[in-house]
Structures are given as C-alpha cells and as structure tokens.
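Here is the structure we will look at.
The first chain written gets the first letter, and so on, giving A, B, C and D; residue counts start at 1 in each chain.
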Amino acid sequence: METSRLATFADGVFAIAATLLVIDVSVRAEGDRLGHAIVHAWPQYAAYAVSFITIGIMWINHHNCMRQIGKTDQRFMVINLFLLMCIAFVPFPTRLVADHFHDGGLRAAALTYGITMVATAICFNLFWFYPTRNRRLVAEDADVRVIKGISRAFAPGVPIYAAATLLALWSPKGAVIFFGAIAAFYVLESSVFTRSEPQPI
Amino acid sequence: METSRLATFADGVFAIAATLLVIDVSVRAEGDRLGHAIVHAWPQYAAYAVSFITIGIMWINHHNCMRQIGKTDQRFMVINLFLLMCIAFVPFPTRLVADHFHDGGLRAAALTYGITMVATAICFNLFWFYPTRNRRLVAEDADVRVIKGISRAFAPGVPIYAAATLLALWSPKGAVIFFGAIAAFYVLESSVFTRSEPQPI
Amino acid sequence: METSRLATFADGVFAIAATLLVIDVSVRAEGDRLGHAIVHAWPQYAAYAVSFITIGIMWINHHNCMRQIGKTDQRFMVINLFLLMCIAFVPFPTRLVADHFHDGGLRAAALTYGITMVATAICFNLFWFYPTRNRRLVAEDADVRVIKGISRAFAPGVPIYAAATLLALWSPKGAVIFFGAIAAFYVLESSVFTRSEPQPI
Amino acid sequence: METSRLATFADGVFAIAATLLVIDVSVRAEGDRLGHAIVHAWPQYAAYAVSFITIGIMWINHHNCMRQIGKTDQRFMVINLFLLMCIAFVPFPTRLVADHFHDGGLRAAALTYGITMVATAICFNLFWFYPTRNRRLVAEDADVRVIKGISRAFAPGVPIYAAATLLALWSPKGAVIFFGAIAAFYVLESSVFTRSEPQPI
C-alpha cells in the first residue's frame, strides 16, 4: 500500500514543489555589498522556510491520510490531482510575498498567498472526506479513532486560512505573520504537543 | 508490478513536468500596481491549470494502462521514452500560450500547443496498442473488457487534438478554449460520468 | 531489488535532468513575429530531443545493469553518485549547443557537450565493470550471457563520444550531427535491431 | 522498509536539490568568445561538483541511517523535514559562491554557505540521535556496532563545518577550498579508506 503509484506521484509533486522554492531565493549585488544584500533579503529565507514547512506538513498529513485508505477510484484520483495542483502552485505566491515584503504590493501578495492556501485546504478536505465518508475507500484495518482524530484535526484548516486571508485586507504584515504562525503551530502540534506512538515505517 | 522502475521513472517525469509549470507563472509590477497585475495575469493561471490537469489525467491514464501490462521489452521502454519526451515538453507551449494570450502571437502559440498535444496523443496510442496487440505484454490476470474499454477511450484522442490544432488557424482563442474544454471533459468523464469501482491502491 | 533506494535516487536524477531540459527551451518575440521565431528556434527542439533521448537511453541502460546487480557497497554508491553528477550536468552543454548553433560559439559548445558525454561514458564503464568484475556485486540469479552482452555493448561508448568530441575541433556542425546520430543509433539498436524477449516489469 | 514513503520523499528532495544545481551553471558570451567564457567559468563547475557530491554523500548517509531505523513517529518526521529544508537550500549559497568567486563578495558568500552547512549538520545530528537514543525507533535487527560506528562518524560534522565557516572571516578562498576538501574527504573516507562489505540492495 505504502508504495502505490498514487503515493509515488504525490510524493514527487510535494518534493518538487518544496525543493523548487529555492529557485526563487536570489540575491544580486556587487562584490562588497553582497553581505548587506544577503542580510537584507531575510524575507526570502523566511518565505522559503514557511512554505517549505507548510508543504512538508501537508505531505506528512497526506501520508497519515493514505495510511487509512486502502482503495482508490477515479474520483479520488481526480481529487488528489486538484490537491496537488494547489500545492504545486505555492511557489508562485511565496515568491510574490518575498519580493514585495518591503513595498506596497504586500497586500495583493498576501491575498494571493491566502487564496492559494484556502483552495489547498478545501481540496485537502475533499481528499479526506470523500474516501472516508461511509468508509468508501477506507482500509479494512483502519482504526476508527485515528480516522476521527484526523477529521477533527482537519476541521479548522479552511476557517483559519480564510481568517488570515481576510486579515491581509486590513494588515498585510499581520497576515504574513499569521501564515508563519500557522506553520509554526502545525510543527509544534505534530511534534511537541502530540506524543505519537512509534509506528512501522 | 506497481512499483517497477518503469513506473517510477514515468511518475517522476509526470510529476516534474506538472510541477515545473509553476516556474513560468510570473507577475512583475511595482508595489501598488501588483494587485492589478496579478488579476491581469489570469491567462497564466488558466494555462497552468489546464496543463497541470492535462498532464495529471495523462498520468492517471498511464497508471490505468500499466495495471493491465505485466511485462516489458526494449521497444516498449523506448516508446515510453518518446511519450515522456512529449509530456515533458508541455511546459514550453503552455508558456507560449500564457505569454501571448493578449497579442498577435496567440495563433503560433496555439498551433505549437496543439502540435505538442497531437504528438503526445500519437505516442500514447503507440504506448497502449504496442503492448496490447496480440496481448504481447499484457498481464496474465488482465481483464479483456477493461483493455477494450481503454482502447475505445483512446480512439478519439488524436482526432480531437488535431481538430483543436486546425481550429487555431482560424480562431486562436477558440482553439485555446477547446484545449481547456478537452481537459475539463476528461476530468468530468473520469470522475463524474464514470462510476468506477473502488480498486486496491 | 527493483525498488531499492539506489534505484529510486537514480531514477529521480535521471527523470529530473531530462525534464529540466525544457526550462532552457525558450522563444521570445513580439506578437506577430512569434511564428517565425518558433520555427527559427528549431535547434532548441533538436537539442532537447537529443539530450532527452540520450538521458532516457542511459536510464534504460542503468535499469538493465541494475537487474544484474544484487548487492551494493560504499564504493559502488560513490561511483553511482559520480555517474549521476555527469548526467545531471547534461542540461548545461545542451543549452550551450542550442544557443550557439548559428554562431561562432558552436565549436566551444560542442566540445563542452562532448567532454560531458565522454566523462559520462567513463563513469558508466566504472558503474558496470566495478560490480561485475569477479562478480563482486552480481546477483546470484544473474545470467552470464546477459552480463557479457552488456559488457560488449558498453565497450564502444567512450571511443565513439571521444571521436565525436575531436570532430568538433574540425567541424562543429559535424560533431553535433554525430551526437544526434549516436542517440538515434542507440534508439534503433535497442528497439529495432534487437528483438528483446518480454521480461517481467 | 526501504521503500517507505519517508524514504521516497527524502530521496525526491535529495535528487531534486542535487539536480537543480545545474540550473545555476550558466555562461553567456557572444559567438567567438564563448570558448574563453566557458573556461573562465570554472568556479561554477567546481561549485556544482562540490555541492552535488556533498548532497549525494548526505543522501548515502541518510540511506545508511534509515537502514538502522525501523519505526517512525511524528517528531522524527518533523526532524526529517527540517533536515530536508536545509539540504534543499544548498543551491542558493552554492550559486553565491560560484558567482562571487572572483570578487569582494566571496566572504559573505562563503559565510552563507558555511552557515547552511552547519545548520544541515545540526539537523543531521538530530535526525540520527533522536531515533537511536534509547533505541527509540531503532529496527529490531539493527546491529549495535553499526549504530555506534555511525554515531562516531557523525560527531565531527558540526565542528568541522563550523571551523570552515569561521575560516571564511579570515580567508574566504581558504574556506571555499576547505568546503571542497571536506567533500573530497567524505568521498575518500566512504569509498577508499573503508572496505565495506557488500550488502543487499
């Protein structure tokens, strides 16, 4: 199950989307001024880190979802495709936010980032609730408590990203900090607050 | 069977070609004008979506074909290589269409897109009819009805893309809408009209 | 065996190097002149095709070699790494040849392409003769005739690419045609002249 | 175990980060001057080689670590994510060093490269000592001598890269040569000095 082609293709898109983020990290300066320019470009590194971690956490979630799913059908593959289309788009708004952190374009950039994340969260909900509803595609040995736990964890995704997106209208920098905080929360939530049992690789 | 290297390499090319599309989505504008520029760049997002979905549907089809195939030979690997060469080329005409949607270059861009898709469809036919003819490389447990179903579904691919390409000579925008409609049709066809049975991942 | 991490990493590099080639295919022209520019850019498509097919054939060869190899050690992994380093470099000289096909830089570009291919061929020889010498890492069920056949097929690689590289000193265009002919030969050799038996995927 | 999704995702990031390095190798010159420009660009090839080999050696180490690990938990996946975030960042400082090898920006570039490598080495330590401490996630059939050997081999990583980074303050070129020497040492150490037993692929 773990090595299915659905997972291979998805892993590829997650890995490439995350790794492509580095292409947009770029600093251009003449010789001696390079040091200053590298420090000044910190929004680029922050944007890289937030988007890499966000995509990575989504990959871990995708992974956890797939553990509970034992079958597939055409609709599920198409839903997965739309989810991946959103995730592979993330480098574009990331670049916008990084390039316009210090100028008047940040509102538009943050809105674009937020809309992308809301669309991604909606697709992630479809990706989870379509196969688990009526246990349509659920693996026979899936644990009903784990499924309920994932469903609970997914519930706040869309409203949180929608709130951060709306915040961009009022305070673009606030929205960007909110996006970073969401990523930080997911990291802490899955690694510090939760004490997960070791499970087979 | 599902985890063969043929599939791994193909999955890699499909995933990379789809994910690379985002590199060409780019909006450059000074601060306050960014919002307007982001909205104005909608042909880029549409081109991204159409090409991502088209490549993704082709990946699903590749996947469905490979389920019926149980052996390989050198010729089949070379045919697969030519198919992947066409698919990995898709980002180039996609970029042309997105960049020239509003100017006089759209006819040439749409023709290039169409020729790429016709070549891809021809390679896909070879990829399917070479291994299934006389059941040359068909898996022993393959279902003859599934094979016939795939063969029927593949028949219209080349003529439809050829028609859309010819339409570009007369109406470039019409052709581009046609390309989008073909992608939408394939999505609907495989997820709404067809009621596929769940199958093992 | 087929799904080992050595193969997964190698497949990734082969797939990415081949798919990245499309990033360098680029045509810039104002509206109406796009059609002419697209036609005029044919060396770019030819370079894309030759390099994609060359990388693809090398992937098939890598695949065929790995079928005969059942063990690994640190040295073999390092040799594999150097081989992949050469293959992942191919997009660079490909871009040089495509960009300078019509100007005085073709000699230097063709030499760079040739030196890259000679280095790749040398690494490929190490990759094959290190594990098979004294059957050091050969799989227990490997067929001695297949191993001898691969060894014979590998022998001419370095001298042929060296000859094409030297030809670039005298006739750059001749050398470029030679590189294309080598790719065409390998395609024909593995798909038309050879009648390979179907084997398990 | 070898084909787990954790490994697939990691392999993808390693392979993409290494292969993306070639995008930054670029030489622009008019016709006849191309030959001279290609030779003059040698720091780019050296930077490509050092970073490709460094990422490749880290992949081999990741591979060797994963052989000893039989379970996973959320924290380990998050640690792996931070490790991959560092590795996928390597193309950025590599580009800085290559672009500024001949000008006054080399100090800043070498410091950036060094800090990236120190962060990577710290994450690698976490990646190894978190799962092996108290044998938390160690595979049941893991060999305690192999685990101790890996732990010993990992100890000098952070101090060596920290030393090379500090050296950049005093002698940027010296630091860059040191980075190359570290890569060369790891290649020699794992392929010449060590006589590893063949093991199953």
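Methods note: a contact is a pair of C-beta atoms (placed from the backbone, for glycine too) under 8 Å apart; a residue touches a chain by one contact, two chains touch by 3 or more.
From a predicted model like this one, the values you see are computed outputs, not experimental measurements.
Asks: Given that subunit A and subunit D are copies and touch, would you call their interface same or different according to whether over half of its residue numbers are shared?
Replies: On the two sides of the subunit D and subunit A interface, the residue numbers are mostly different, under half being shared.
Asks: Could you report, rounded to a multiple of 5°, the rotation needed to superpose subunit C's C-alpha atoms on subunit D?
Replies: 90
Asks: On a C-alpha centroid basis, what's the spacing between subunit A and subunit B, in Å?
Replies: 25
Asks: Find the geometric centre of each of subunit B and subunit D from their Cα atoms only, then give the gap between the two centres in Å, rounded to an integer.
Replies: Inter-chain centre distance comes to 36 Å.
Asks: Of all residues in subunit B, which are in touch with two or more distinct other chains?
Replies: Expected reply: 3, 7-8, 12, 16, 20, 23, 66.
Asks: Mind listing the subunit A positions that touch subunit D in their complex?
Replies: 2-3, 7-8, 11-12, 14-16, 18-23, 25-27, 29-35, 38, 48-49, 52-53, 56-57, 59-60, 63, 66, 187, 190-192, 194, 196-201
Asks: If you look only at subunit D, which of its residues touch subunit A in the complex?
Replies: Touch list, subunit D to subunit A: 1, 3-9, 12-13, 16-17, 20, 23, 66, 69-75, 77-79, 81-82, 84-85, 88-89, 91-92, 95-96, 100, 103-105, 107-109, 111-112, 136-137.
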